[in-house]
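The following pair of complexes shares a single chain, chain A, combined with chain B in the former and chain C in the latter.
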Partner chain A sequence: MASAKPHARESGVPFTPTGTGSPNRPRRGLALPEWTTAFLLLTPVILLFSISVIYPVIETVRISFWEIRGLGRPSFVGLGNYARLFSDPVFLGTLWTTLIFTLGVTIVSVSIGWFIALLCAFAPRQTSIFRLMIFATFGISEAVAGYIWIGIFRPGDAGLLNGILTAIGLGEFAQPWLGGANSALIALIVTASWSAVGLPLLLSFASVQAIPRSILEAAYMDGAKPLTMMWHIMVPLSLPGARVAVFLTLLSSLRAFDIVFVLTAGGPARATETVGFFMYRESMTQFNLGYGAAATIILLIGVLLVSTPAIAQRTRGAK
Partner chain B sequence: MVGRAPIWIIFVVGIVGCLWIIPIIGIVATSLQTTDSIARGWWHFGENEFSLQAWYTVWQTYPLAGSLWVSIKITLAATALTMVTAPAAAYVFHYLRFPMRRLWLIIIINAFVLPQQVVIIPLFQLWREVGLLDNMAAVVIPFVGLSYAWAVFLIKSFLEDFPKELIEAARIDGCGPIRTFTQVVLPNLISPIAACGILQFLWCWNTLLLPMLFLRSDISLTVLLARIAGTYDPNLDQQAVAAIVTALIPLAIFLLFQKQFAAGNRVSSGGKE
Partner chain C sequence: MCSSRISSVAALGLGMMLLGTTAFAQSTKEITLLTWLGGPDRKVLDSLVIGFEAKHPNLKIKINVVTSQGDARGGMRTALLGGEKPDLLTNTWPAFRQELAEADILRDVTPVWTEKGWDKSLAKTWRDISTTEGSVYGIPYIFGYRSGIWHVPADLTKIGLQAFPTSYDDFLATFDPLRKAGFAEPIAMPAKVYAHAEWFETLLMRTGGPSLVTDLGAHKIAWTDPKVVEALRQYARLFDAKCCGDSRLMYATHWDDAADRIFVERKANFLQIGMWINARAISQYHLKPGTDFALGKFPALGRGFDNASIIDAKEMLATGIGENPEGADLFLDYILSADGANTIAKAGFTTPSANVDASIYDPVAAASVRFVNEGDVRFVLGDMLPGSLVDEYRLALQQFIGNPTDANIKPTLERIEAAAGRAY
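And then the complex of A and B:
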């Protein structure tokens, strides 16, 4: 926080230049030109933002109260779509899948990313190449990640996972991983975690590196072993970074679509459909626009619940 | 850091690092082998035959070059628009006073939590009505509109540390708000604008949902790959080439600009300390 911020104007300006407005006005500039300029510069932003965020949000809420099937006449059903959702076993299944997927990806990717970040802090230079190898998946899209991992879970001899199981004598566990409901969900979590680990690694590593050296040196002088130092000093002190990582991973896996679409397409038999995918399927392939919109609003409510602290923080900080 | 790094730490990180790139090695190896060899498993390096065949034939089998061009056009357009308009918005929100300023600011910077799924039904209907489906603009507009949520926040966070004295000095010298922006603020915003550009480039190139729904004939690389992956196409070697081509440009950008990417991500996520 810059300390000179609030009063810089008064203290830094010894006199008011004459001829540019009334001499003792409280704020800089004339009121009219300033907000005209503001709106001039803001117009493209407000326009594009309104088209692609504000209008769609309002419209999705509105559509969710209507029954719209394909090109047929829409009819108003009030909360009917929502009532139908919560008696639809498929949708209830997607809620459960979404919960497992979101928690699974967050726990796996944040714990791996954070642990690696803590380890790397002991030898930042020697581990930089390995850190980059893990971090690189961050630059690979979910769609490509999904495609790559199809190859690993492939049934028969061509799949790497089955190949490894056979090679180490566990051949009886080899299976078509994407063909079973539970194994497909696990495959989805593994793939998403592989591609999501970059952000937790990045944020936790920044947080660990920000720990004052003196604290770590003191612990080292007292003879603390690396694992003790990690657990008692570095974990609590890098918590802020890890907390942001947890939030962002929760947020992105809750909204997941791309990776589900490419890796399992919701299958087998809709067993790996998340809410974000269910909404796509209902509205864009079955053309139940109202029903899909209602599912989207449920997803939005979930997202807003998870992000309440972040939204509160940003709103407070919006000056 | 402190003292000598224990060797086991480097060892553990090294093992995880190697595990992490096995899938990438797999896809590269697949693209370089014959289909018979792939069926046996790409990791049998001793027995498998290598060939560059897939890299030659894939351009005829899949519309790879066309999609590459679509991806480049869409991504560059969306990235340029964000890089030009978001800094102005951040400047306006930070330094100028106008009605409903705080309300707009709160709405824009909190929109980063919105799932993309929220925009697709209304925009699909809107684009269909105005005939924008299958047009580049149908994708570029939401790409840019959605990016403001984090881009404005990122640049505005940077402006919070910007010396007020400079703005003040410019005003005393007779600069209006626009000249202050273009001549005083903008030259100092290079690094956050670069960070915005890199984040936006990667996101636009890599995302699937919006281009998949709004583009039909001229599809981007990511959409092409998703389509190929969903079919029972036996040409695994050519598919692998398509995947590599899709991943190559964003990965190169990512590796080249890691620092800016990391900084941008930390700030736009609110994780800067």
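And then the complex of A and C:
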């Protein structure tokens, strides 16, 4: 017994999925302008961002105009904390230390990470464990890295580095690495670079992997040697990854605190005190909240100065 | 009918429950204690609480712990500013006690002290160091002797000494023979953060006595006072006598490195630091107290203050913002009682309470208590000074040991005095 009703397709009536309108007809419902929709979709993020970032920043700015010492009554000082900061030789010293530390860590970690990435690109599969091991250092917290390196830099024979130097007959170079102003800063840069090198490696390696194989094959066919290929093809084409690595390492080094706290505690004689550590010392140890907040704002401005051009460059051309 | 019976039973049950809750609420009152202490310090608090609650079943102590890294005052301040209203709080800095008192957080327990007769449990000197601007806000319950010098008795035997030197001159005279006996440096001076100041502070006490330390802590005298100058000159004598390694070694050395250098590497002989070395030497180095390692009393200068000691102490402060001041006072009283004091001693700590059974202490802890009981006590200066001055004071001393000359004494003290001028 055949059905009396023909199938919709057979009948020439357009197929209509249950409960929805025809695909050929405009859908009914609330039609919002594109900007409104975008704003509505972003609202949860904006709310979260406001609570967790904007509000604390505004509050920090507000506190920076007050003198708050311990549990005492706060007094309004306007821009007094900022004026005091820029005439405080200790703070000016930490700015200089932060600059050296930031440049040092960025140059060392990005150069090493990028170079290893280029080398690994010649044999990606064989070097995967090696890359994983280096990247793992990035997963270790800076505080833990600090404790690991304290053992390496310990004074006397108890320190691993001094022990190795003595064992290989270079005992005259053994020294209390964290005891000298310069050697402590270098030790700090080495430790932070060790901790940070995984990220540049990962980003640069991803950039190198993205280079079209045809380009490398063509260069090889033209008789280019590995070093020439590395210098003339891989380096320029992996530059975007390295640039992101520079940007991210700069930002994290500018804010350095944990590693300084654990490894040198800012010493000897404040030789390794960064702005991040100064901020902590003023706010949490001495509880000069207003003064510490002013230092925080200066650091924030520094971070913005570094990050704005990079963000602008990354988002150029985006709608 | 059945339904009505069920309703009656339910109503009766609910009534009983409510009655029970009310009765319970009436019978147990909560005492809130705010602390940052963890590890063994926290364990001793827990033991005290258990003992107290067993004795006072109608009272319950709730411990709120502030997690903090480094200087715990930051965390404590944040908690109090954030609305915590404890009945009691732990403290170890007289400067912080003053700050809390000025913020009207503390409660003067002077009447309670008299009423409960705490003078029988605590010597006058303990009351003195617990007093801020004439008021007493709590009691010290644990102390650590900070004028002791850790050493290995066998090192002294090696240079022909049967006992720890008693005079400062004799002490300095051991440096040369110890070096000749093969030790790299007699004193392991940990100048990485703060421990280099310990030697100076006891010399300050030996030079000018407890009143000098108190007055300097309150900035009633200047850092350039002749007695302070003399103390720093005595400090410089350590370096003149070649006590230590070079300044870079001192700057790279924290107290744990220094302890390792004496007890593990066997390269150094003397370390002045708190009583926590006792636990470290026993548990980590597996040494026998009194035999493998010992605590010597800081040698005498002969100025009349050779029995006075620098100490650190944990104190329990009463607040005026909590809801159960009577309960808080009962807990303070329990801490000082024989039960409380013995609980502290059994946990490996020394207590200022006279009610303690001293036989519980190991030989080293017992020696420290004996030294402390010989005279007046004062807190380490680092705990007495305002936070902003402590850093500058330690830093100035740190730089002084890089150039410990007579010519550098005045500039060093002037620098601390300038910082003091800003800090008070």
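Operating definition for what follows: the second predicted complex is superposed on the first by the 259 of 319 C-alpha atoms of A that agree within 3 Å, B and C clash if a C-alpha of one lies under 4 Å from a C-alpha of the other, contacts with A are read in each partner's own complex, and residues count from 1 in each chain.
Everything below uses one rule, namely that a contact is a pair of C-beta atoms (placed from the backbone, for glycine too) under 8 Å apart; a residue touches a chain by one contact, two chains touch by 3 or more.
No experiment lies behind these values; they were computed from the predicted model shown.
Undergrad: Regarding the shared-chain residue A:Asp157, is it in contact with chain B (first), chain C (second), both, or neither?
TA: both
Undergrad: Which of the two partners, first being chain B and second being chain C, lies in contact with A:Ala269: first, second, both, or neither?
TA: Touch status of A:Ala269: second partner only.
Undergrad: I'd like to know which partner A:Ala293 touches here: chain B for first, chain C for second, both or neither.
TA: A:Ala293 contacts chain B only, not chain C.
Undergrad: For A:Val260, is the partner it touches chain B (first), chain C (second), both, or none of the two (neither)?
TA: neither
Undergrad: Answer with first, second, both or neither: which of chain B and chain C does A:Leu178 touch in the superposed model?
TA: Only chain C; A:Leu178 stays clear of chain B.
Undergrad: So, does A:Trp35 touch the first partner chain B, the second partner chain C, both, or neither?
TA: A:Trp35 sits against chain B, while chain C stays out of touch.
Undergrad: Count the residues of chain A touched by chain B and by chain C, then name the partner with the higher count.
TA: So, of the two partners, B touches more residues of chain A.
Undergrad: Name the contact category of A:Leu201: first (chain B only), second (chain C only), both, or neither.
TA: In the superposition, A:Leu201 touches no partner, neither chain B nor chain C.
Undergrad: Look at A:Ile189 in the shared chain and tell me whether it touches chain B only, chain C only, both, or neither; answer first, second, both or neither.
TA: A:Ile189 contacts neither chain B nor chain C.
Undergrad: Kindly classify A:Gly72 by the partners it touches after superposition: chain B alone (first), chain C alone (second), both, or neither?
TA: A:Gly72 sits against chain C, while chain B stays out of touch.
Undergrad: After overlaying the two complexes on chain A, where does the chain B footprint on chain A coincide with the chain C footprint?
TA: Comparing the two interfaces on chain A, one with chain B and one with chain C, the shared residues are 157-158, 261, 265, 280, 283-284.
Undergrad: Can you name the residues of chain A that touch chain C in the complex?
TA: Residues in contact with chain C: 70-72, 153-158, 175-180, 183-184, 261, 265, 267-270, 280-281, 283-288.
Undergrad: Where on chain A is chain B touching in the complex?
TA: So the residues of chain A in touch with chain B come to 2, 4-5, 8-9, 12-13, 17, 20, 27-29, 31, 33-35, 37-39, 41-42, 44-46, 48-57, 59-60, 63, 112, 116, 119-124, 126-127, 129-152, 157-160, 163, 194, 197, 199, 202-203, 206-207, 210, 213, 216-217, 219-220, 226, 240-241, 244-245, 248, 251, 254-255, 257-258, 261-262, 265, 276, 279-280, 283-284, 289, 292-293, 296, 299-300, 303-304, 306-307, 310-311, 313-315, 318.
Undergrad: Help me check something: in the complex, which residues belonging to chain C touch chain A?
TA: 69-71, 73-74, 77, 80-81, 99-100, 102-103, 105, 191-193, 245, 247-253, 257, 260-261, 264-265, 267, 387-388, 391, 395, 398-399, 402
Undergrad: Give every residue of chain B touching chain A within the complex, in rising order.
TA: Going by the criterion above, the answer is residues 1-3, 5-6, 9-10, 12-14, 16-18, 20-24, 26-27, 30, 38-43, 81, 85-86, 88-89, 91-92, 96-99, 101-102, 104-111, 113-126, 141-142, 144-146, 148-149, 152-153, 160-161, 163-165, 168, 171-172, 174, 176-178, 181, 202, 205-209, 212-213, 222, 225-226, 229-230, 236, 239-240, 243, 246-247, 250-251, 253-255, 258, 262, 265-266, 269-271, 273.
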